[in-house]
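Shared between the two complexes below is chain A, which has chain B as its partner in the first and chain C in the second.
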Partner chain A sequence: MLTLLRRYGTLVGFAAILIFFWVSLPDTFMTARNWLNISQQMSMLIVVASGMTIVMVMGDFDLSVGSMASLAGIVAAILFTFDYPIWAAVSVALLVGLAGGAVNGLLISFVGILPFVATLATLTMLSGVAFVVSGGKTISGRAIPESFGNFAREGIALGDWGGVAVSLPNLTIVAIVVVALVWVLLEQTTFGRRLYAIGGNIEAAHLSGVAVRRLKLIAFSLTGGTAALAGIMYASRVASSNPTQGSGLMLNAIAAVFLGSTLSEHGEPRLLYTIVGVLVLGVLDNGLTQLSVDSYVRQILVGGIILLAVSTSSYARRLN
Partner chain B sequence: MTLLSLKDVTKAYGGVPALKGVDLSIAPGEIHALMGENGAGKSTLIKILAGVVHPDTADIRIDEHRVEIGSPRQAHRLGLRFIHQEFNVVPALSVAENIFMGRTYPMRGGLFVDWRRLNLAARDTLSRLGICHIDPSRSQGSLSLGDQMLVRISSAFIGEDGAPARLYVLDEPTAALNRSESERLFSVLRELRGSGASVLYVSHRLDEVMAICDMATVVRDGRSIDTGRIADITHDDLVTLMIGRKVEEAYPPALVAPGADTVLSAKDLAVRGGGRMSFAVRAGEVLGIAGIANAGQRNLLRTLFGDLPSHGGSITLAGERYRPRSPADAWRAGVGYIPRERRSEGLITSRPIFENITLPHLAAQSSWKIWLTPWREKRVSAQQGELVRLKASGPGQRVRELSGGNQQKVVFAKALLGKPRLLLLDEPTRGVDVGAKFDIYSLIRDMAARGMGVVLVSSDLPELIGMADRIAVMRDGAVTDIVAARGLDEERLLNLCYGRATG
Partner chain C sequence: MTRHARAIRALLAGTALLATGFSATAAVAQSKIAVITPYLSQPGTQFYVEAFEAAAEGKDWDVNVIDTAGDVAAVISRIEDMVTQNVDAIVINVDPTQVTAGLQSAKDAGIPVIGMDAGADPLLVTNITSNGYAMAAETATYVADRIDGAGNVVMFVFEAFPPVQVRGVVADAVFGNFPDITILDHVTPDVSDGGIADSRAKMEAILAANPEPGSVKAVWAAWDQPALGALQAIEAAGRGGEGIVITGIDANPQAREAIAAGGNFEASVAQDFKGIGATAADVVARVLAAEEIKQGSIYVPTQLITASNAAE
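Presenting the complex of A and B:
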């Protein structure tokens, strides 16, 4: 019973939230269009949370993902103003993400700074860099190629659904691809297995021949890369870029991983559960917005629900 | 006259009986051994005494008055003191502060702590127990584990809140101590006994129990089997009582004589904090490493395993130059390692058995070194489990659900996968009960018979003499003597460890 509560408490809560919104918003909530909309709204968070899961599997976390997303958006936009082709600008922005993540990894594994301190420092620095290179201004308008902005608005048509034409947004497709890749990486490869070993017992992993430092470096680089990708997606979605665009992503991503880890048998982060965590946050946001609940009240509710889920889970674990 | 008596203590966890009827009676001024294999019910009994677990039925009397122990606080008020392996001490504070923790410190002017008087009082307490080598102003964390335990006992000794200590309960106190530290502990326990207090002493180590205890109670399968005076009982009787059958030999005989090939040879090797040494391990040979604590055994093993850089000299493994720069290099070269701390160094207890066993060998146990093949890993792990006689529900079981002995077998299964050429063992039977110990010894014999070279570091001298072909004695970071184990007696080995001249 307790085990059930611990493992499925969050799912039951999620179901309750779904039913509540379904009843309160009978016409608009449970529709294909709304769900595709949620998936698009959530796509950036899904990408960042997937990357966050990679480092949280090792028991670390990365506070700098939000600034990294902002910076990547700015880098891409600035390259657009110099008439670089889209592929080049996007590639450079992604490389900036990988490099920034690698810096985090170096600080944590080779210099030996705690992830909290190291990524807090890089959070501040990356954010500063984003302001400096953008001059603190939003880059938008003609500088941004039309097809870059259109990418986020387009999708694959799914045909009619109850008389309404719906399509699978491109951003959602990107998110699904990222989830698939990260899932394969964490669950199907020796790399992922070793990350879980590090998270379980770093000393035993080291003595079992796991190259802890090198793996941490790679993992943080990947997290930086996903953050940059999310920043590019964001820039495409609003066809503009400003140096604070990504700031909300970090807390939500960590919250999603924690929320998801309440579902796993041993409380460790797992990617698919993280996605459930993102969905919980996304559905809450979507439903409460439709009910025109004030956004500050929304923050209070979301924070409360995270606390409730995590404390129920750890309380049940203790009773066990 | 009895200080503490327990009658008919029973306890079941969710319908599974842990204690089916235990009687125990301790007289004042007595060191009483509580013995039994892991899972016999010792820890449940201690938890009941400590007020952490509530018995289903029990008649507990102190000074012949019936009492109930409802909480740890109550146990404390009754004069029961528990000294665990995880001491409740603050490493950053001084010894004196730790001894007087929770009590009023002597003050100066009602505002400042009078450190001089605090240190004097601490020194006085320590010397009353015959402990003169610990400076009370040193920080607790700078002491050895053994000395930390002595400080903990001293703290319990002076009593708190006006409740004098009557009975000290020590659970496996020497598990992390070396021989000289253990000796100190024993002399303190004798001091305590002299002061009229009693000690309930829980240990696997029979020779210790024979040396310092007056009485022994043996529990098996949740029942107290027998209680008797230590003077009237032999070592073998105790083992028979504990495991319920006769054990012929403590150490299985060697299956083969060491071969001619050299597996490992170290020439002028220097490890961190030590001088140069040369030694060799032949195929099928068990080379024991003896020494007092911190004589360099651990640094030697870690150097051979690539976890510490060597400070000079050379090593060859199976005829080839061997220079491991990381544990990964060592595993690749065919060196298996059993670390000293099973839980913190050897296992990822939250993960399944098979993931633990294949972790050092993932490159070989996957496709293209990248793709996991769990079905293959499980099959291989089940075979390894059979090899080490692992008792588990299957390779997917989480390691944390296993008993201590079976966890250690997982560590062995991991080290033995891929048929290593050299096996490095650091205290492989520490905290393992008698039955599992024998399994582990047999396994070491098996491996030697297959031509592996074995390096066995142990602080248990009978174990070294019983298992090793030759014993290398380490002093101050280097091997100083290498002697044949056959015919060696403990006293001579101890003298070698201390560097004393032998007659």
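Presenting the complex of A and C:
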């Protein structure tokens, strides 16, 4: 019973939230349209949180993902102003993400700086670079190719649901693909199992021949890459780019991973649980907005729920 | 078992926590209006929103103000949520080209979106804002009048930012209508440090190149920072007594202080933020009454600020 509660307390809480919104908003909440909206609204956070899960599996953090997302958006937008084709601009922005992540990995695994300190420093630096490259300005309007902005507005038509045309948004599809790839990587490959080994006991992993440094380097590069992808998705959604626009993603991604980890057996991050964490945050934002709850009260509630979930989980574990 | 019960109770507390947020939402109102902005913490936006809420008070409206704390993508998300909720009207204070995805979903659902100093956009019913053309004409005619339509004028302009660019065009047109006014220079200051310091440096160079008293009659600046920089240059050069007339636009607190002091900086123009908020509420009421709004922009009058009213 206690084990069940510890493992599924968050899930029960999530179900309670869903039922609450369903009852309070009978006509609008549990509709295909609304859920597709939520999936689209959360797609960027899903991508960042997936990448964050990769490093958090090893017990590390990456605080620089928000700045990286902003920078990637700026890089793509700047290249658009020089008339680069979309695929080229997006590829360069993704490479910037991988490279930035690799720098994090180098600092942490080869120089030996704590992830918190190293990525805090790169957070500041990447943010500074985004400001320098953009001149502090928002790049928008005609500089952004129309088809780039349209990407985030379009999707695959799913037909009519109750008289309303519904489509699966492109951003949601991107998020699903990323989740699938990261899931295979973490759960189905030796690489993933080794990351979990590092997270379990880094010394033991090292002694049993796991190439800790190299794995960390790769893991942080991937996190940087996903952050850049999320930044590009954000830029497409707002059809513009601004040197600070990704900054909100970092804390929410960490919160989602923590929320999700309350669902796993030993409190370790698992990708699918991270997605549950993202959904909790997304559903709260969506449902509370529809209920006209003050946006500041919403922030307090979200923080409270994270505290509640994590403390319930650790309390139950202690009793065990 | 009691331990289990305690843990369950902790969980239930979460739901209770949620419920506390909703006490105020029970009231049934006829029209639901959502005001969505990422910039609520900025003074101008606060004035609009407060004035909007004040104007809404007498009406039978349920106004929901949503601040996304700087997150523009979240504005799109919240517009989508409001469309799902089928509100009667949405008011935004954000660049409409950045939230096209949300505006499109509102349009598809037939929900009117009104811009509150947002920028004109075909997806908006209309945008309520200050008239940049009129503001520039106000200070340019003030300058022309004060120098009796004759003499050398220095202009501080900024072509890269459209709202400021139009001000320069209008001032050029006004000065061009006076045959005896000569534009000495169109200066574009470097604004990376705020604009005051570089404007001062540029003005010092112009004063050095025109040492004769009366060789510079006025400085027209497209916004307040260059006007303040020019004022510093004129005072530092000891030429404050020549009667060089300086004007700015925006009437920021520093400019008001300088104007109130009664020196060379004589005039600026203040936007009526409260008027923009109140007019937005008025337009929403008209839209709800099924009136067709024809103008893409609705302008709220601005006010010329001189020594006589700068301290207000």
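Basically, the second predicted complex is superposed on the first by the 320 of 320 C-alpha atoms of A that agree within 3 Å, B and C clash if a C-alpha of one lies under 4 Å from a C-alpha of the other, contacts with A are read in each partner's own complex, and residues count from 1 in each chain.
Here is the rule we use: contacts are C-beta pairs under 8 Å (C-beta built on N, C-alpha and C of every residue); 3 or more make two chains touch, one makes a residue touch a chain.
Here the structure is a predicted model, which is why all the values come from computation and not from measurement.
Asker: After lining both complexes up on chain A, report clash or fit for chain B versus chain C.
Answerer: fit
Asker: Return the chain, chain B or chain C, that is in touch with more residues of chain A.
Answerer: Chain A has more residues touched by C than by the other partner.
Asker: In the combined three-chain arrangement, what's the angle at chain A toward chain B and chain C (CA centres, steps of 10°)?
Answerer: In the superposed arrangement it comes to 140 degrees.
Asker: Quick check on the superposed pair: does A:311 touch chain B, chain C, both, or neither? Answer first, second, both or neither.
Answerer: A:311: touches chain C, not chain B.
Asker: Could you look at A:193 and tell me whether it touches chain B, chain C, both or neither (first, second, both, neither)?
Answerer: first
Asker: Have a look at where A:183 lands relative to chain B and chain C in the superposition and call it first, second, both or neither.
Answerer: neither
Asker: Between chain B (first) and chain C (second), which does A:131 come into contact with in this model arrangement: first, second, both, or neither?
Answerer: After superposition on chain A, A:131 lies in contact with neither partner.
Asker: Once chain A of both complexes is superposed, is A:35 in touch with chain B (first), chain C (second), both, or neither?
Answerer: Touch status of A:35: no partner.
Asker: For A:8, select first, second, both or neither according to whether it touches chain B, chain C, the two together, or no partner.
Answerer: In the superposition, A:8 touches no partner, neither chain B nor chain C.
Asker: In the superposed arrangement, which partner chain does A:84 touch: chain B (first), chain C (second), both, or neither?
Answerer: neither
Asker: Using only C-alpha atoms, work out how near chain B sits to chain C after the chain A superposition, in angstrom.
Answerer: Closest C-alpha pair between chain B and chain C: 13 Å.
Asker: Along chain A, where are the residues that touch chain B in the complex?
Answerer: Residues in contact with chain B: 187-194, 196-197, 200-201, 203-211, 266, 268.
Asker: Hey, which residues of chain C end up touching chain A in the complex?
Answerer: Contacts found on chain C: 3-4, 7-8, 10-11, 13-15, 17-19, 21-22, 25, 32, 62, 64-74, 76-78, 80-82, 84-86, 95, 97-101, 104, 192.
Asker: Enumerate the contact residues on chain B facing chain A in the complex.
Answerer: Checking each residue of chain B against chain A gives 305, 307, 326-328, 330-332, 337, 339, 344-351, 355, 359-360, 362-363, 366, 369-372, 398, 414.
Asker: For chain A, which residues are in contact with chain C within the complex?
Answerer: 1-2, 5, 9, 12-13, 16-17, 20, 24-25, 28, 31, 33-34, 37, 40-41, 44, 135-136, 138, 140-141, 149, 152-153, 234, 237-240, 242, 244-245, 247-248, 285-286, 288-298, 301, 304-305, 308-309, 311-312, 315-316, 319
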